[in-house]
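The chains carry the letters A, B, C, D and E, assigned in the order they are written, with residues numbered from 1 in each.
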């Protein structure tokens, strides 16, 4: 669990509650009709917007969006260089045993393709096609959360219109006008908060996660292809380090030594 | 019929109705003038926006958008691998009989081109041109629904302006102000609901369908071209499986065996 | 004249008129000041937005947008195949006489380039450059109508602000407030209607026309280049039919025979 | 000075003035606080948005946007064909003298590179890099005007909020409410007019100018490279004419003859 | 510190203060609840939108956005030409000592790759991958500021809704209505000002900085690759000068001479 996701949402709600309590009372902010209109409208419009198969995934997406990203670029570079060293010393066939113990299924698949002696063009083609479709599926999930963040304020507005229309039909009881309008505005408030403190941030988290995953897989592809053509592990390290930020590159240069120089030179 | 489309729209409307009934009555939400302005304006602006030939298709689009997607990637992979096995054993000419029994007209066309001995470049060129224009035509249909979802709130607003102008001309009868404003707001409500519970979700469904169809046809092209150059069916399987999600790939590995290994090795 | 353009606009206006008459009277919807502000503002802002040379073309664009598209893909395929047959039997030089009688100036230009014995690379380069700039010029014209559809509601809002400011200065005559506000809102109404029932639909029509013209010219380029390298007319037919929809392709297969098979085999 | 720029802005303002005078008086439309908020806010937000070096150029951009575009495609084609003829007859070195008298610095630079005997790849590379960065710098200037047209209505709204807040603090003097609200709305009016009658049109003009300049320079590059490889001037003419509209192409064919046919054949 | 950043923000605030003081008093513009809702909501929604690791960088971004850009294209061209001269006279190995004294870590890395005798394709690949990810990381930081500038007005609106709802619940005390509505509007005002005088301008500054950095690094890559293949320093100068504006190119031609002509010819 990455702390920023839940904490951001909680602290954001806390700010709203503090803002409400400084001048009013929380009781005015619950309205059953508004929940039906805003939350129900948003969920069912999203359901109508997607095939049922896609819509179901929404319940898996939210915990994924909140989870901490565990991608460890440095560890993956280390793994790739180890594999490169083995491939250099003992040939690519020796990678067969190593492949078994790899955790990353994408890397594993790539290494197995290499061990199988597939054509480098084919390995590249297969891994890139797979990456393209992983990216596409992730973007669809973000898109689902972004449509929810667009539906929420629209149904918030629809609810406020309903509230105003109901109120205007009974203008003859002036003592009801204030409270009725307040209730009408609560629905817009729900829509704004749902969109800006829930759906948009979650979509943003998924977007960041996808970017990291795609960059990681691009690095893996680069590494796998370099191993296949038998490049020098030191050069592979140079290539892969370009995927890291300056700061991380320096850390590696200082603290760690990926390659036992004697072996590779 | 994919259940999410109709159910989403129905449940969405149900939420609106519940929201209305909790504080008011449904009767206030029917206004003939508003229907003319919102629905009429939206339909005729869309008609003006497109050639009559394109506009007519709108009536075919809606049932298509609601229909369940039947594309079966696994079945298509199986079919392509069967064709690849036949081509390997008996030559591409033997595919002529098989082509007759294929249901997918795009695949059929591709196989006939292969049987005819067309140049691989030409086969690729023809199939990709066709895919491009299929995609373009689908995007135009989505665009039509997206323009309707943009016109609907605009005409909703136009109707509310009409309602307000009519009301303001008769401010001397104060007992009419409330009901008149209520009627004015009904038009905006129609626009919001039409856009967010009908046109936008339908456009979204078409978009998802198009994405699946395009991905499926890309897979077919990949398969057809691999068959033409006589690639090993096992490699073709690897290539085509990259178009599936991880989960489906595992299912295939576990439950099914596309290829009789003895034959292809 | 494509009926959908004018009819859409007319029926759309009719819906507005019906909507108005059901509750009020048309007289309230004419205001000279509002016409100056909305229509004048929109036209002159657009004039300021473009060079005078571009701005002048606006008067030619509107009838073009309303005109029916006459592009006949099937006829063009037939023409290209005829030319291909002549080129095969009698050589490309024989196309010189044919070129004279061609109506389509783009096709004519391409055929003359072929007859002149220009390098295929050069023919492709010239025709594609020309297509690029045709597309660019068309997009600029769409852009002009789209900016008008963005200026119209902005000046509608400006007019409403003017109306409200004028009214607020004279709040001491309460009997004027209603009618003055009504007049103020008329300007916003003008802006919404101009944008959504006139400029946006016209821009949309131009966009559709451009898409068809570009697709048609791409098909002509494909055909011209195939004729130049002396491809088999049957293959050319296959290639060009990929530019048609499935339905039209079937029509051709059933009803017509482009090529006399004895001649080309 | 291209007349449409200034005239469009002037006539647009005139329409606003007429619209104001038909119902009210101009005096109500001046408010010092509103000028500070709208114009000051827009200018200083733009200043904060850019480095001081970029921000300074805003004062040069406006006259450039208003100036008439003098690019003469036909004249440039004539010049390129003359150069091509000289290069054919006397070799590219003979272009050295001609280069001196060229007005267009981009063309001059290209011809000097050709005379210097630079590699064609290098000439193309240098000229295209230069064109890319010219385009980028122009787009940044447009972007500056577009941000001003986004800041103006935002600060207009900020000013209206200030006006309303000030007014609401003094609700006990009801005779002030009308005039105070009028003043509050004036700021929004300023923002709308600044954006739609000034910044957006100017940005649009720059965009059109950039498009013409880029197209012109692309034509020059095409011409320079053709001269370098010694292409036939008649072919160069064909290539360059593709950059003109149909109408202009016909004018050239009819009225003018770029090339003395005897010389080049 | 680039003066335009801080001064723009300060002068912008000053304009708001002047605008407020001309009609009202500053005291009405402080409201604790509004600060919680607008600023708290914006910050925590942004926190929820990003992983904690990314969110933390926000505090480093703001001073970076305000800092003056120190990139000196002319100095870098001079450095590259010096390196090119050394490489020509003494071979690329002689660059090893020079590399030590280079300040720019990107240039240093490139030169070391050249000295190491890496394949030109590899050098290009590594440097371009690194540039791609530098660009991506910068764009993520801009995106963070842009999301803050989108969240701020949304939470401003949420706060105004809270204020209105609280007020409407107490309509029975009419003397409170004015001040309560004023407080409600203050929150919207905060949102507009935060977005338009703080977050958007800062994001704009970062965007400009990124564009300059990317262009500079592209020039360095061009230079490094030219040095590696041993191109003539005079040609390198021509190539690199294409990255400068016309004005700067002329300055260089007039005032400075990068290359001692005798040496290179």
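By our rule, a residue touches a chain if its C-beta (ideal position, glycine included) is under 8 Å from a C-beta of that chain, and two chains touch if they have at least 3 such contacts.
It should be emphasised that the depicted structure is a prediction, and the values quoted were computed from it without experimental measurement.
Student: Please find the path from chain A to chain D through touching chains that uses the fewest steps, and give that number.
Tutor: 2
Student: What's the call on chain D versus chain E, same or different interface residues, using the half cut on shared numbers?
Tutor: Copies use mostly different positions to touch.
Student: Give, as an integer number of Å, the spacing between the C-alpha centres of chain E and chain A.
Tutor: One centre to the other, that is 25 Å.
Student: For chain C and chain E, what's the span in angstrom between their mean Cα positions?
Tutor: Spacing between the chain centres: roughly 40 Å.
Student: In chain E, which residues are in touch with two or more of the other chains?
Tutor: Residues of chain E never touch two or more of the other chains.
Student: Based on the touch definition given at the start, go ahead and assign the chain network to line, ring, star, complete or other.
Tutor: Here the contact pattern is a ring, one closed loop where every chain has two partners.
Student: Where on chain B is chain C touching in the complex?
Tutor: The contact residues of chain B facing chain C are 32-34, 36-37, 40-41, 44-52, 54-55, 105, 113, 118, 122, 125-127, 129-130, 133, 136-137, 140, 147, 151, 154-155, 157-159, 161-166, 168-172, 180, 183.
Student: Report the residues of chain E in contact with chain D in the complex, numbered from low to high.
Tutor: 2-9, 11-12, 14-16, 18-20, 22-24, 28-29, 68-69, 175, 177-179, 181-182, 185-186, 188-189, 192-193, 195-197, 200-202, 204-205, 208, 211, 215, 222, 235, 238-239, 242-246
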